[in-house]
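What follows is subunit A paired twice: with subunit B in the first complex and subunit C in the second.
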Partner chain A sequence: MEKQKYERPLIKKLESGMPNKFGTRTGYQPTTHIENVPVKDLIKKYDSPLFVISEKQIRNNVRKAKQAFETRYPKVQFAWSYKTNYLDAVCRTFHQEGSWAEVVSGFEFSKALNNGVNGSKIIFNGPGKSDKDLKMAIENNALIHIDHLEEFYSIRQITEKLNKKAKVAIRVNMDTGIYPMWDRFGFNYENGQAWDVLNKIIRTDSMELVGLHTHIGTFMLAASAYSAAAYKLADLAVSIRKKYNHEIKYIDMGGGFSSKNTLKGAYLPGQDVNPSIDEFAEAITSALINSNFEKGHLPILILETGRALIDDTSYLLGTVLSNKRLSDGRRSTILDAGVNILFTSFWYDHKITPAQPFTQYTEDTVLYGPLCMNIDVVRNNVNLPLLNKGEHVVIHNVGAYNMTQWMQFITLRPRIVMIDEKEQVSLLRERETLSNFLEMESVPEHLKTFDL
Partner chain B sequence: MKLKSDVAVSDSGFVFLPTTGESFSVNPIGSEVLQLLKEGKSIQEISNQILDKFDTEPLIIDKDLSDFMEILNHYSLLE
Partner chain C sequence: MMKRFSNQRFKNLCDSFFNSYAQVFFSKNRVFALILFLISFFDIYAGISGFIAVMVANGTAWFMGINRQKIVSGAYGFNALLVGLGFGIYFQPGLAFYILLVFIALLSLFITFAFEGVLGKYGLPYLSLPFLFGIWTVLIATKSYSGLNLSERGVYQLNDLYSFGGIAMVKLYEWFEALPVPEALRIYFKSLSAIFFQYQMFAGILIALGLLFYSRIAFLLTLIGFFAAYYFYLFIGADISELSYSYIGFNYILTAIAVGGFFIIPSRRSFLWVLLVTPLVAITMTSMSYLFSFYQLSVYSLPFNIIVLMFLYALKFREKNFNKLTPVILQEFSPERNVYRYKNYLQRFGSMPLIAIKLPFWGEWKITQSFNGKYTHKGDWKYACDFEIVDEDGKAFSGNGTIPEDYYCFNKPVTAPANGEVVEIDNSVIDNAIGDMNMEKNWGNTLVIKHAEKLYSQLSHLKQGSIKVQPGDSVQPGDLLAYCGNSGRSPQPHLHFQLQATPHIGSKTIQFPISSYIVNDAGVYYFKTADNPVQDKIVSNVLIEENLKKAFHFIPGESITFIDEKQNRIQWEIKTDIYNNTFFECRETGAIAWFKTIGEVFYFTAYKGASDTLLYYFFLSSFKVITAFYKNLTIDDELPLDLFPNKILLLLQDFIIPFYRFLFGKYSLRYIKEQDSKKGECLSLTSEVKFGVFNKSKTVYHFKIDICNGQISSFEMSSNNKLIKAKRI
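Up next, the complex of A and B:
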């Protein structure tokens, strides 16, 4: 007699009428393949854990976003926000789709140059530009977005020394009805700071005022905030035009569109409730079009969209190390992928699906990573099918910030691969090894030996 | 380790504890284990019986059964 398929015995308490803090079931289908490549094969070849990026999905996302804006506004330019994911292959995919580069450090700036982006198509944001960074930016004709007055004076000094004009914009912060208001970056609109510095720039011969920039927050759930912000930047641009007959070339609305992830504690899945890119596009473009720009004088609209373009392109594959029962009876499952490589599990309830077929029986589960740290929780409560040691899970929507903010902590960082449009897999980043670390460290002579 | 005598187990995988009014659902293997416990079988006997019938290994059964017993105890279903 052929033996039946085994599944571990399971008993679950029925709590009718009780709100289920474990939320809705995360997925009814296993994720056995990514872009038609078997998950099992990926892990066999590249090990677990493993980041997997879909090139096709990146291209789809950019094209869809471009379409959303270009059908509503005449001149649109996307700039890839490097910090969101600065793997060269990812950046170059965006550049092939026409995106400029948006960087916030000398390191990111050099990376963009190294990727072959012309300096005049690099937007240099951020509060932490050193004089050396600024010199590199000015020499490369980059678009420098001034964050504070010290920076204005540094640029003035450097341009005078180099005898070269700098192309600048300012970052503006403002009240858009969103709490908390991000006022630590840039110059405030309401109190006149922004207007003051614009006047200073216009009167500085070595600077050309080319744009106005804002970035009102991240993972925004209200498109209306962008409408308020666009009106305020348009107002500044129109005032500059009136007073100095100087035309601002672009308005840069920054990033911040929410992706389809579900914020921790949110009641409904992000997939269903977060605004679509069309809603953001409608809010921004109608505000600009309805503002007081003269006919034929609309500025270029720049967008530095990060997470909304990359989150759903990437997956983290992991393996079950063990199952264990907590003192309150809940099941906990330990994965080989923890918060050290999945930073965003602090923000999101990531969608997680088993990578192999399962039965309809599920259990409320706490998913832990492998670190010997209390904070290492991948999902606090998720209703999952029964997972056995050695089985695989797929963590979805991990493309933004994880592959840049990941930590080398306790374990080494894993490989990253990309599946291209022909469904071929390429290694984008090798996993770290002990020798990578030994290379960077050195031990003083007197500490080289010991007897135990 | 015996199942409380008043625990009712239905064929459809429904478990009812009359003393507290609590109810539970079990998967088919869970239901089978409960039936065997009700019949007074030992863990070793249950383990052997499952091994005969299902495609698995002794080590896995031992681990899963001890976890299952732990959760039965947690739900106060054992004597």
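Up next, the complex of A and C:
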């Protein structure tokens, strides 16, 4: 018989049979395995903390999303948003599933090229493209989504110098009835900025207008906003056709689809209330189909959704360092994974489950990270079983942005592994070491020695 | 310019002249024509007379402004030739003779037009009827012309030979006649020569050799036809001298070629029919000979004409079995080419419907019930398909599947399968709860579209109120029509699709293939054309790749120039003809390759010219190209055997093609995505052509075509000992 687990004593108000507003008591299940690989083994082999990505889940997500759109619209193309997660293995999984690349910097652009993506299948977005970046994009026949007029002038100059035609689209921002309205990127639809730049592009011989792009916001909780955006873009495309007899090839609806994470302050769990990919698909495709495009001339629909395809594929494994009681009597638990590697804990109440079996007793807990900084709070208030030092927790839905926005702050960044479809684990990124750091630093001669 | 023009004139003149000779044996073969031309001069005056008759007939037709192509093909010359030959044999030359000859040739031409007009309405050839009417008219008329003298040449054959070639010629003739050739074969050769109004073995042997050179099948048929008649005569106890004495054994020979291989695609059945119609020719011949003897006229080829025309006419009354004995539509003037190309055509396009029916949805759907399905596709409704959408695990729904909205296909767009007009809709049936069925309105919400006379498609179990079109609306393939629902006899959401001959909802179904679609078998893609959907397959419409489509969209007037490694420029021009055929013509070599595009597929259909030109290799390399990209997709096709490079093996195959095929020509194509960003959107096609015997490949060609930014940029061919690289400039 296995030794009984020790649990510290706990005094709690009895609430037998009384359902709270979220239902009856929290129905926690431990997450002992990820894709049938024991969490314990993963940590033993790769140390804690550790990011774990499920390849199978990525493929499932893409295929579901593709099916949702492709059965509703004749020509659909996904482009993987590099900034969401640009680990090469992750990007290549998406590329294997047919996704193009969507990048927002020269660095990401090079990364996509390095991954073997043909330049003509790279979408170059963002307000921060340098002339060097633009030159690379033009030389590689990329699809450049112009964000501001300065960029338009730069492209014109470079194309004339290179004597090469650039394939461009413009990013359009618009009022879709949501708050906040994202008007800092691209050209505004309502005030005529969009038309202004379109007129300029059409009259520039060295540019070919291939598409229209919008990206109305992030973590959108209303699919209907996409409907409004799609109508407006379609209207713009039809007007361009009327005015210049020019047919644009694609409409890029961007991304921003919400994942199943729960935003901080949300009343109900994201799992239950956030729109599904089908709802977004329905909103966008029906708007495009019902717009005024000529029969048989529907443009390709491009989607750059990142978060909704990757969030639930990844887990952060952490280990309990200590428990302590706060002055107000609340319990706090310190983990070895903090906001330095879990940037999204600023926005989400991540779902957190213990990695080992436990009893039914739970306690409201504050989860802290290991940093010596006040902001390092993973969860402000979470109902968790009684954890001991050395026990493990699994933080869910961490696939988006964490592995790109993580900080090397106070500690070094941990390893990332992927579990493939055959449930084999491979290392995607090695843990950072001191020597990685020293490599990049240099000390002036007069600072090299000192006596204390 | 002037020189080119006159060259073309000279070529036309030669073609029209020699084709008139070869056409007597349904051929356009130049070597055969030369042999026949030579044989016609075995009787020098007959030869001259024939020559003049052809020139007069063709020349007159030319100046009258008759269709040039037909004149060049010899269609107006061969009857005049036969009349001229006959006239020349029967009468002594002289001024009156030659003057009369000119008018006789003219008469033959007019009779030809008359028969062409009358028989043409029934889609029948005029064969040698103009000759018959011409020669009979002349023979009867000349009875009262005193200016003409009957020739005696035919009577004293040895004298003629002596005067022609001295004693050596006579010796040669006698030696030839004394050769130990079986009687039957002797008659066979003489019958062959009789077609050119000769009656000697030597000419017959030459013709037989010419025939063999022109067509193995035709040669084989002449033997079959002749010996069938021979043994029929023996069996029936008819007068064998009828065969051996007069000129008319050739009726069987010509009938055999016409029925067995020229007007009909050579096959087991066509050969059998040769055996069946031979006695008919024999009976007709005997009775006609009797009748004609009253007028002292020979029946010549009348029995052949009567029987062949009746046979071809009879075929037109068929209501089924069209593919069991197929008349030649596109006459290649070679039974071999006819049969190779026909068989190849059948393999490639045989089941291709005239109206392209596509799958009525977007994206990938699963066929949950196909033809003769186990649930409801039985009896009158057996040719129908049911479609649903399934996920990675094969499930048709997410959640627990208790409401229609859980099902992936519910509320998904249903699109038009082809051009047409909406003729009937029912839009008011309430969608069922899962598991429930509406047996009263079993088709549920339904849409019927008329695509052509007797071709309607029906889409059923649609969502209530979702139909966006009205009766009378015209629709194009891919137009959104309605949304998939769960109405009628539908326990769970699915789309029912059927084709039918009548416009009513729930009509009897007809079998009609889907013109093209993609099957996704666990990540492996297959491209199907004109195929019937198979149960449990995941299918979708073909998604065109613009880059490929542009590269294989050739516009008449366009010209494509390549430069090879030896810095030779090769220029192809895209042209069309009056029959709306599109083709490549090589400026340097004159080679021609015909192509067509059906839906998303580019096909090369035929090639004429030398078999070492760049165009020939391009023709082989792009025999069938689908203008879509699917990972690891392979396209296979069969090449017509007349392209087989080893001509000796092909010769053997020629003899037995109606019965057995041992040679093969196979084509396969794969697509590779290139990743050189600086070049732009690039793609390579690698194809392979294998010619071989039984299962062993003898000649293999490898091709690589690079396509960049919607244009073919370079082409490469490698074979055993050959490597050609050409770049587009």
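Note that the second predicted complex is superposed on the first by the 432 of 452 C-alpha atoms of A that agree within 3 Å, B and C clash if a C-alpha of one lies under 4 Å from a C-alpha of the other, contacts with A are read in each partner's own complex, and residues count from 1 in each chain.
Everything below uses one rule, namely that contacts are C-beta pairs under 8 Å (C-beta built on N, C-alpha and C of every residue); 3 or more make two chains touch, one makes a residue touch a chain.
Only a predicted model underlies this, so the values are computations on that prediction, with no experimental measurement involved.
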A:60 in the overlay: touching subunit B, subunit C, both, or neither? Say first, second, both or neither. second
Which superposed partner A:71 touches (first subunit B, second subunit C, both, neither): second
With both complexes superposed on chain A, which partner does A:119 reach: first (subunit B), second (subunit C), both or neither? second
According to the stated criteria, A:140 is in contact with first (subunit B), second (subunit C), both, or neither; which is it? second
Regarding the shared-chain residue A:295, is it in contact with subunit B (first), subunit C (second), both, or neither? second
With the two complexes superposed on chain A, say which partner A:422 touches: subunit B (first), subunit C (second), both, or neither. neither
Comparing subunit B and subunit C in the superposed model, the one touching more of subunit A is C
Doubly contacted subunit A residues - partners subunit C and subunit B: none
In the complex with subunit B, residue positions of subunit A that touch it: 3-14, 323, 325, 329, 359, 361, 388
Once bound in the complex, which stretches of subunit C touch subunit A? 361-365, 389, 391-392, 408-409, 411-413, 415, 476, 478-480, 543, 546, 673-678, 680-682
Can you list the residues on subunit A that touch subunit C in the complex? 60, 63-64, 67, 69-75, 113, 116-122, 139-142, 249, 282, 289, 295-296
In the complex, subunit B residues that touch subunit A: 15, 22-30, 32-34, 50, 53-56, 60, 64-65, 67-68, 70-72, 74-75, 77
